[in-house]
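See the structures that follow.
Next, two complexes with chain A in common: one pairs it with chain B, the other with chain C.
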Partner chain A sequence: MNNPIAQSPFAHRLSDTRPAVSSGVNITDLSALPRTGFKGRGTSDWLASQVATMPAAPNRAAFQGDGAAIAWLGGQEYLALPDPEGNSTFCASLTQAWEKDRTSGAQGIGFPLPREDSHSWLWITGTDVPVMMAKICGVDLRPDVFAEENMAQTVVARIGAILLRRDRDGEFGLYMLSDFASGHYLWDVLQDAAAEYDGGFV
Partner chain B sequence: MTQITRTGALIDSAKPITFTFEGKRYSGVQGDTIASALAANGQWVLSRSFKYHRPRGILTMAGQDANTLVQIGNEVSVFADRHPISEGLVVKAQNVNGSLEKDRDFFMNRMGRFMPVGFYYRTFYKPKGIWEKIWEPLIRAKAGLGTLDINAPEDGYHDKAYGWYDVVVVGAGPAGLAAALEAAKSGGSVLLVDENPQLGGAASYARGMDAQNLIDQVEATDNIKIWTDAVCNGWFADNWLAVIQGNRLHKIRARQLVLATGLIEQPAQFRNNDLPGIMQGSAAQRLIKTYGVTPGQTAVVLAGNDDAYGVALDLVDAGVSVTVCELRKEAKGPLQARVQTVGLTIHDGCCINEALPAPGHKHVRGVTIAELDDAGAATGKQRMLPCDLVCMSVGYTPTYQLAVQAGGKVGYNDETAMFSITGHNADVGLAGSMDGRYALERCVEHGAAMGARAAARLSEADAPEAPDKCATSPNYPWPIFPHPKGKDFVDFDEDLQIKDIKNAVAEGYRELELVKRFSTVGMGPSQGRHAALPTARLVAKHSDRTVAEVGVTTSRPPFTTEKIATLAGRKFTPMRRTPMHAQHEAAGAEWLLAGNWQRPAYYGRGSVQRIIAAEVNNARTNVGMIDVSTLGGLDVRGPDAAEFLNRMYTFAYAKLPIGKTRYLLMTNEAGTVIDDGVACRIAEDYFYISATTTGVDNIYRNMLWWNTQWQLDVDIANVTAAFAGVNLAGPNARKVLDKLTDDIATDAEDFPYLAYREGDVAGIPARAFRVGFIGELGYEIHVPARNGAALWDAIAEAGAEFGIRPFGLEAQRVMRLEKGHVIVGQDTDGMTTPEELDMTWAVAKKKPFFVGKRSLELRNKTLGDRKLVGFALDVMPKAGLEEGNLVIKGNEIAGFVTSICQSPSVGKVIGLAYAARSDSGTGAKITLRASDGSLHQATICSPHFYDPDNKRQEM
Partner chain C sequence: MKLMACPLNGPRNISEFICHGEFHNQPVPENTSDKDWADYVWLADNAAGVVREWWCHTPTNYWFIAERNTMTDEILRTYPSDDLGQSKETRS
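The block that comes next holds the complex of A and B.
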């Protein structure tokens, strides 16, 4: 059997991309990268035993030494993201560790979540990102308010989204994770919002 | 008279612009508004009044009144005194019958006595039927401001944006500028909003005021953002401000708000006070200073305060011959002394008794002034003064609208004619003239104090002292001079005269809000900006109370007109697509919406009925495939997973073996069916369950809500979007699947009906289960969403040799109906019980609890009158039958059709309907009423129209 192709929800729109602009708004599709999540009773303790740094509070992320992130969504629910510019095995290692512990009979270690398939992943970077996002999201994302590692679980253009501040090369940046099935819609929304700043998908 | 060379703060005379108004070409210059350019060309009539079709012109030059509303393209009610001209702009007058110059409805001006206040309450309703036949068509034809083409495409791009500031200052006059500067010293973010194109407020046109130094400082301050041409149109809780700038609605959160919105100059009431050429003193100053337009040649200034003399001097400087009609007998002030030095005539203690119209009421040609008696009323000592301009400077109201929206109450002192605003939100400060600081220096000082107060409140520091209010009011207490012949307008928008308000009170409407509703005063586009005060004064007088006792009407958002397009903004219509969307598109799918999912209805073009029948036949006789990715998917995991399902659903799951599936039926607390699906047991503590496409989000929330109370050790995850699904169905389905998997044994023994299996399908890790929604051998295959397209392609390729074809939702609906499977939401309503559906087999009665159990037990004791039944007709009646058509029993409605189709497999018209329980036996007849009212007999039969023994799906 051939190895099946895994598609980003934005796969059919890639011809609409443009070169990166010097500042403005650049949107990069990271959906092809690994990501996972864990949820359920005991997740916090189990995850703390697996990673170097845990987030200090809900709606915060902790970036690990290799740039990977553990984001605390609330209660016993976490999101795990690798460094997009690295070659991280962060998520795979966590998944393997969970399966190993589970196989060995461990209970109360939470459950993995299929974040690669439930959520698209974008990196929206550039100096105009906060003002661009203000057109489609009601959360104050100004750099001095929404600091690095801050996270918001909110609504963007009427669909649910997770926003995590992650700068890129010294420029303001946001990870945005949103409904996998709404990728086509989200693409249009973001292209439209970014056009005012000569930005868009790159 | 055309004024060729003009000098004004906002215009550039070197840049001419040509535009048309009422089909005639006019020249203006860059920076002109429509009204200023027309005035410069001697065109003073801009509109016709609402009721009497009287000519109307510039009143405020501030976008505050309905006189200047015009139509541009398909945009109605544009303020001509705000909207800039542009090359080729086409402007039309509104509410005109014929032409603006010769309006056929001007005869209404003489019909006033037939239209007393509130006449419409007594007139249009009798005799019976006259409203629909006569009055409504007539009024609809006559009414309205402008003509809207509702089929025209949307004009322009409108959107919205959020914004957050530490301090927002509304109004960039001297007080607002000072407030912004002082607030900015805190280091916080400051937004300064002004509806005018330039900063400075009254200082940009009023005599003797200069705010340039403040403007320079504000513009040089980095943390002050300046928005001109931006109107704050509403205050809402927690300092949520609606600010409109251009085509964008900004939704602003301000930690502190300073309102420095200034004053609204008020007109005086005298006969014909609405003639073109009669305007506020400030309007004349705006024309002169801002647009370089000389508003007349011979002016009478009606003075009720010292500002009138600034107007008079500005007019003199512009070359206008001026006479002052001074209401006060002992007027004082430095500017009056200046006026006397330039030799102007001042008639002390006089009012304007009547303005005299030029032919056709196109302009004012003179006024009759009258000496006032000691009570402030006009006497018979009168004289006529020829003029082509009347400027009214008799007083102001504070621009209190936003402050009132913020909880403030407007007070009025009848003795001093001073306003006050109190009780507004503590995070809102009032600055400058709107809070009684009229003199420039006091106004600036107060603005600074309020800016400092806002800054102090950000850090919870002590606020500085604010300067006292001015002792002298600029408001003449009674600038109202009724005339026996009327046309002394209180409300220009609604053509309401002094006698109308008086008569409303005489009718018994003593309270201002009632007067407003009875007379419609303040209900026009101006929203009472000029009518509220004289109305309050008149109601006070005629009900023997003070203005303070009468009060003013409530002010609600919006402050000024706003377009529906602005409120709508950019449309956000979320739409979900399955991972196989491109494949469907390539196969020629016609789309329909299921919730917010786009799903293929059917594939191809041509006769829809034939396409659907072909899709059905191929699935029934060969093999078909349908994208079921939109089905809700939930992972339920944990030691209490089975117990959780036992409580949430009616069936029993504790003993469901691993690798098996079982039907799910959910009722709410009232025992009403609200969802269904399939539970797959993956492990002892792991169920993968499906829910309806449109119901899953609610079901998920419902589950979280219940388990918050139950605290079972279970985790629920909504994985709907994470899985793509394909239902492979038909007699050849097994052969297709065989080609795609080595992991899963597909024969009936190893993978029987209702079994669940896992393994690679087309190299993709898959969850597969045998289901029979359409009644054929079928496999539902779920894979990670990223691999959905690959799975679809692989199945299509493997099935090609068998003639596999995709089928859409319509064919699926037909096939499930042939099997008699209900769709929750379509075949159920807000009352449906499992018993009505004949689905008590899905209710485990021995369970101690499930949501809705107790209600069902009660409801089952007394069964309802209706039952969901299958029915059939040999042929579809010509009138057609459709879902929603009624089931009639005698003269009563017994139920309705929930599903109906022409069945390709059965060869009949089949359907499901709620019918009387007494008619639910096989062979009974029910009567269906088609949409055209015709009645048709149908025969009750088993709803399992196709393969009632289920042999095909279990093979």
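The block that comes next holds the complex of A and C.
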């Protein structure tokens, strides 16, 4: 990306973390990783020409072979996320491809919608995540209801959030992207909600 | 929890939505009198009964149409604004 964020919105709190546990709730800050989006007329066709797998419906995601995700937010709007545990250049490659096509005069290919400065990105994992989230989110996130690759654009702890099911090492997991500027508030809310399950930021 | 069925996102807490008022077809500006334009912009029917309204799902900023009974606050139907098609209405 041209203008990566200087730091995570949680950076000033990261000294207040604890070691991960094998169950419960582990909250990992991914906000230092790239993330971007594409929107506008022609985006679906253009994006389909760039990636191996596209989501089947709005509020679904498609994971690529390298673990990166394309999430369909609705209409002609998509979110692109790399694999947090890989060394993906997924977002940079897409952005460069779009710039190349635009430079060559392509029309109707939508436009990039950078997300690094607008959305924080957390990975909330562990067996107790669905019950913890039930305290702060109205959407049913139980594993048998909210399957892998499912998405929900909803309100979590009174702020807008994008939730995407992404398990980690066989344990239930959610990507959560929400308002970057609300990071300080969100940290306290999530720490409080996770404390009941001996969880928290790791 | 009162639920509303968003055409894009499915059933959600009503607190995720904002009502943006009655739906009315926009008059054609070139063919509309100042009075009719002002009526469209400023006046509401406030009908008692089933009305069509603009609603927005705020986390996604998705706008859609809801049919709601203003006497019972029952939401009867929700659908994308594209489904309005060429439907016409008249205002009393």
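Keep in mind that, in the parts below, the second predicted complex is superposed on the first by the 197 of 202 C-alpha atoms of A that agree within 3 Å, B and C clash if a C-alpha of one lies under 4 Å from a C-alpha of the other, contacts with A are read in each partner's own complex, and residues count from 1 in each chain.
Keep this in mind: a contact is a pair of C-beta atoms (placed from the backbone, for glycine too) under 8 Å apart; a residue touches a chain by one contact, two chains touch by 3 or more.
On a predicted model such as this, the values are computed, not experimentally measured, just so you know.
Of the two partner chains, chain C is the only one touched by A:Ala161; chain B is not. Looking at the shared chain after the overlay, A:Asp16 reaches neither chain B nor chain C. Of the two partner chains placed by superposition, only chain B is touched by A:Arg41; chain C is not. Of the two partner chains placed around the shared chain by superposition, chain B is the only one that A:Gly183 touches, whereas chain C remains out of contact.
Of the two partner chains, chain B is the only one touched by A:Pro114; chain C is not.
Of the two partner chains placed around the shared chain by superposition, chain C is the only one that A:Gly74 touches, whereas chain B remains out of contact. By the touch criterion defined above, A:Gly138 reaches both chain B and chain C. In the superposed model, B is the one of chain B and chain C that contacts more residues of chain A. In the superposition on chain A, the residues of chain A contacting both chain B and chain C are 138. Contacts from chain A toward chain B in the complex involve residues 1-9, 12, 39-41, 107, 110-111, 113-114, 116-119, 131, 134-138, 140, 142, 145, 157-159, 179-185, 189, 192. On the side of chain C, the complex with chain A involves touching residues 1, 8-10, 12-13, 15-16, 57-60, 62. On chain A, the positions that touch chain C within their shared complex are 58-59, 73-74, 138-139, 152-155, 160-161. Every residue of chain B that touches chain A in the complex is listed here, in rising order: 159-164, 251, 253, 570, 572-579, 581-582, 597, 629, 635, 637-639, 713, 715, 717, 719-723, 740, 760, 762-764, 784-791, 794.
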